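Sending over a structure as structure tokens; questions will come in a sec.
Going in written order, the chains are labelled A, B, C and D, and every chain counts its residues from 1.
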Amino acid sequence: MTIRAVVWNENVHETHNKVVGDLYPDGIHGAIAAALNMDAGITATTATMQEPEHGLTAARLAETDVLLWWGHAAHGDVDDAVVERVAEAVWGGMGLILLHSAHFSKIFKRLMGTPCNLTWREAGERERLWVTSRSHPIAAGIGDYFELENEEMYGEPFGVPEPLETVFVSWFAGGEVFRSGLTYKRGAGNVFYFRPGHETYPTYFDANVQTVLRNAVKWAHNPAARITAVNDAPNVPIEEALEKIEQRGLKLHADGEEGFR
Amino acid sequence: MTIRAVVWNENVHETHNKVVGDLYPDGIHGAIAAALNMDAGITATTATMQEPEHGLTAARLAETDVLLWWGHAAHGDVDDAVVERVAEAVWGGMGLILLHSAHFSKIFKRLMGTPCNLTWREAGERERLWVTSRSHPIAAGIGDYFELENEEMYGEPFGVPEPLETVFVSWFAGGEVFRSGLTYKRGAGNVFYFRPGHETYPTYFDANVQTVLRNAVKWAHNPAARITAVNDAPNVPIEEALEKIEQRGLKLHADGEEGFR
Amino acid sequence: MTIRAVVWNENVHETHNKVVGDLYPDGIHGAIAAALNMDAGITATTATMQEPEHGLTAARLAETDVLLWWGHAAHGDVDDAVVERVAEAVWGGMGLILLHSAHFSKIFKRLMGTPCNLTWREAGERERLWVTSRSHPIAAGIGDYFELENEEMYGEPFGVPEPLETVFVSWFAGGEVFRSGLTYKRGAGNVFYFRPGHETYPTYFDANVQTVLRNAVKWAHNPAARITAVNDAPNVPIEEALEKIEQRGLKLHADGEEGFR
Amino acid sequence: MTIRAVVWNENVHETHNKVVGDLYPDGIHGAIAAALNMDAGITATTATMQEPEHGLTAARLAETDVLLWWGHAAHGDVDDAVVERVAEAVWGGMGLILLHSAHFSKIFKRLMGTPCNLTWREAGERERLWVTSRSHPIAAGIGDYFELENEEMYGEPFGVPEPLETVFVSWFAGGEVFRSGLTYKRGAGNVFYFRPGHETYPTYFDANVQTVLRNAVKWAHNPAARITAVNDAPNVPIEEALEKIEQRGLKLHADGEEGFR
């Protein structure tokens, strides 16, 4: 069975800006989905903010192995309920790949617990992404580095928690560096942040970027059955303890007294 | 100058339940603050949920080096604005120590980005905390382990991100284990979760627990000046780039056109 | 193509001790290989210390995707040259799974850079392994825990570096805990330490242990081409720099002078 | 009491090469020790390879809180017994700071368990070190970055394990990046690798570099009593188990039979 990837896009620049619309006639989501579908092991579809529930209903998420997220101008317009739904899906085992300006998306900030801020500059400068973890599955097929001739600059310090692994670090012509490929785990869900992808450059048509995205989808896929009760905190009754024990010590509640909650 | 610690408590059980009230006549916050003040290097005061703004005004947080948090029955009553204020203080460099049932506090879940759930049992069973990181500053003065004869059980799996370091792992008489001492960093702030501390047991009068708390306050203290603009994402103009570069490539905005945000 | 696993065993207890010989008539290596071969995706063979070059020639390692290592009484008899050869294979991408008393093997200590010590007791006590990372691929098919009725105890503190992830933590009847499943990466190689497996108990016939071993082999497998020049530190000549630069500053060597090495 | 730092240097270039000798008339070790001694909280002395036991006798290490290590041309001449002695001191709690070409020192490779390789170029190019962990104590007093106008280039991939924290990432004029400040823990010892410091440039006279070194000494200092029996793996007799248990299951040795070791 193939990995079911969903490419989500706010889909705003494409429809409001001629430069972006000309560059990505099928939308950034369309370009990415096409790149993913080049791999026989992946079946990619798309969802956009304009669809009901942003295209991310509970039913859709239940059938999504890995979600990719592109957002920029409309982070604030994303419904908090959908964000929480996506977070729960990740905790349950859905993979999540955050693309470029999604560093400031509600869902990334929600999962990181940090501001996720950085410095930036839109100068079309050269970016060179160095692999810092040789033979990492996300970097399969990439040599020691690859270049993007025109990209937006993102600079350190990047306001994220220390990752599980740093896979890419970027060099920028203007003098900055950035940890451009970072892995995390949140609950049962694998999370990958990947820096490139400014809307006015043809980044998602770049062969190396496409390779990384296909790799990342496979890496992020957790084949385990989705955990549904992700927030449960079950009581283990004394009589069901795995080792025989007896009630001891003071108790919060007298017998028959009701609990606070 | 001493480290300024503030012990925050929801202060509900002490005033609503005779067992807890008798055990902690000065409140759990009072007991902990007294234990911290035994160290000449720490000046501990208290704050409770019932005070205006829960006792955690911006001014108070600005003068707090390390905040300790105890909550249980009233997590839901904590004002979201105060939670966000505390999160920003942590990102700016304030230390935060989460105690026992604070695993389910809004602030811990906010900073972890995960459900922070676990299993539990209130049987007054024996807990033995093993040090898994020898000579860690938080475990200074503790041998390889210490015991609490009566404690609530918390069991794995614990729904938190992989920590920077695992300092304690607990053994429970009923057969469970738990990662009881975990360190994290969120922005410039050091974060420590410490498991023991059920309200119906005299845990905070235990000498080893008090030692750990004093150690943790010192460990969590970041002497750097508090970062205030924790969410800033500054633009670096091309003419201020550290290496000389020129504008290239397509641009989102025509000259004079206004931005989306 | 299946994953090529090699199960290495010092093979001493089986041939010198009747208890172990009766329990594992095909050797511990034979029992483990049989368990792995139950998975159609794995082809497992064995190697023992008594073979030439301990059965781990360069040619054999080049055809090994994942090596499993069991040793106890004869750690000191393992040839240092073979240890270094295995280390280089790991750095190049071979997976390595260390079993039980292999915590004190030369290869594990070599890769960890620490003493890898612990406390222990041979009492046949109950061990319960709790999953601390839900839905981790190594724990696939295991619930929240599994039990081994008779095992040797290993206790904390365990003298290893902080792992990438803690997958299992053990509870022991005698009162100790142990981080029983730990993941590491060394170079391109995935490394997993798995605690159970004392030679006088039928641990490797346990269904859950076998499941974990099969999972671990799949997790540890890095499909990337093996890196061979794992120690190379190539000079990048100025004229081949990716950005145009010129020689500046003082130089160690006058023109024509020879280097120290 | 001040922190007792020892700056170790192979002390070869200074005495064999006029360029280096003129630049560091007191040796690189002398320059670094002088920089450390500017801090009233640090007492720095030096040791060189030419001294008996390389100046690192057991007695000397027992009185050393933090060891700094500079080596390059003579890694192979360092006595393996001294390397092992230093490793044991680190496991016992001594801090260790590896400088520049010490990436290839025996002690760093011993503690990392990896090749520690990289790419390099001696072109006197500009290096800019970016802070990737805001307000980290090692970066205290440094802004978001600092520059070294002439340095040797070290490039990724850097063959080290994933660190506890990445504190600095370097940008190089020639197009490479490098993780230049990495923290590790090995046993009870804090370990910091800091990239800059090529012998033909005045790097150790740079104010920012000196600030980082002083910060790093304070960060690496573990005030806990030195653990001496770092390799011990004590047996816990059944009759001393913390919970009452009885001998069960098969045993390796019949009563009175002798062990294999």
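The definition used in the following text is that contacts are C-beta pairs under 8 Å (C-beta built on N, C-alpha and C of every residue); 3 or more make two chains touch, one makes a residue touch a chain.
Which chain is which protein? Per UniProt: A, B, C, D = Trehalose utilization protein.
Everything quoted here is computed from the prediction, not taken from an experiment.
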{"item": "Per Cα centroids, the chain farthest from chain B (Trehalose utilization protein)", "value": "C"}
{"item": "Chain pair with the higher count of C-beta pairs in contact (B-D, A-D)", "value": "A-D"}
{"item": "Where chain C (Trehalose utilization protein) and chain D (Trehalose utilization protein) are represented by their mean Cα positions, the distance between them in whole Å", "value": "26"}
{"item": "For chain B (Trehalose utilization protein) paired with chain D (Trehalose utilization protein), centre-to-centre distance based on mean C-alpha positions, whole Å", "value": "31"}
{"item": "Centroid distance [mean C-alpha coordinates] between chain D (Trehalose utilization protein) and chain A (Trehalose utilization protein), Å", "value": "36"}
{"item": "Interface hub residues of chain D (Trehalose utilization protein), defined as touching at least two other chains", "value": "128, 133-134, 155, 159, 162, 164-165, 173, 175-176, 185, 187, 242-243"}
{"item": "Contact graph of the chains (line, ring, star, complete, other)", "value": "complete"}
{"item": "List of chain D (Trehalose utilization protein) residues in touch with chain B (Trehalose utilization protein) within their complex", "value": "93, 128, 133-137, 140, 145, 147, 164-165, 173, 185, 187-188, 222-224, 227, 242-243"}
{"item": "Complex contacts: residues of chain D (Trehalose utilization protein) adjacent to chain A (Trehalose utilization protein)", "value": "128, 130-134, 144, 155-159, 162, 164-166, 169-172, 175-177, 179"}
{"item": "Complex contacts: residues of chain B (Trehalose utilization protein) adjacent to chain A (Trehalose utilization protein)", "value": "12-13, 16-17, 19-20, 23, 73, 87, 91, 104, 110-115, 117-125, 150, 153, 155, 159, 161-162, 164, 173-176, 184-187, 199-201, 230-238, 241-243, 245-252, 260-261"}
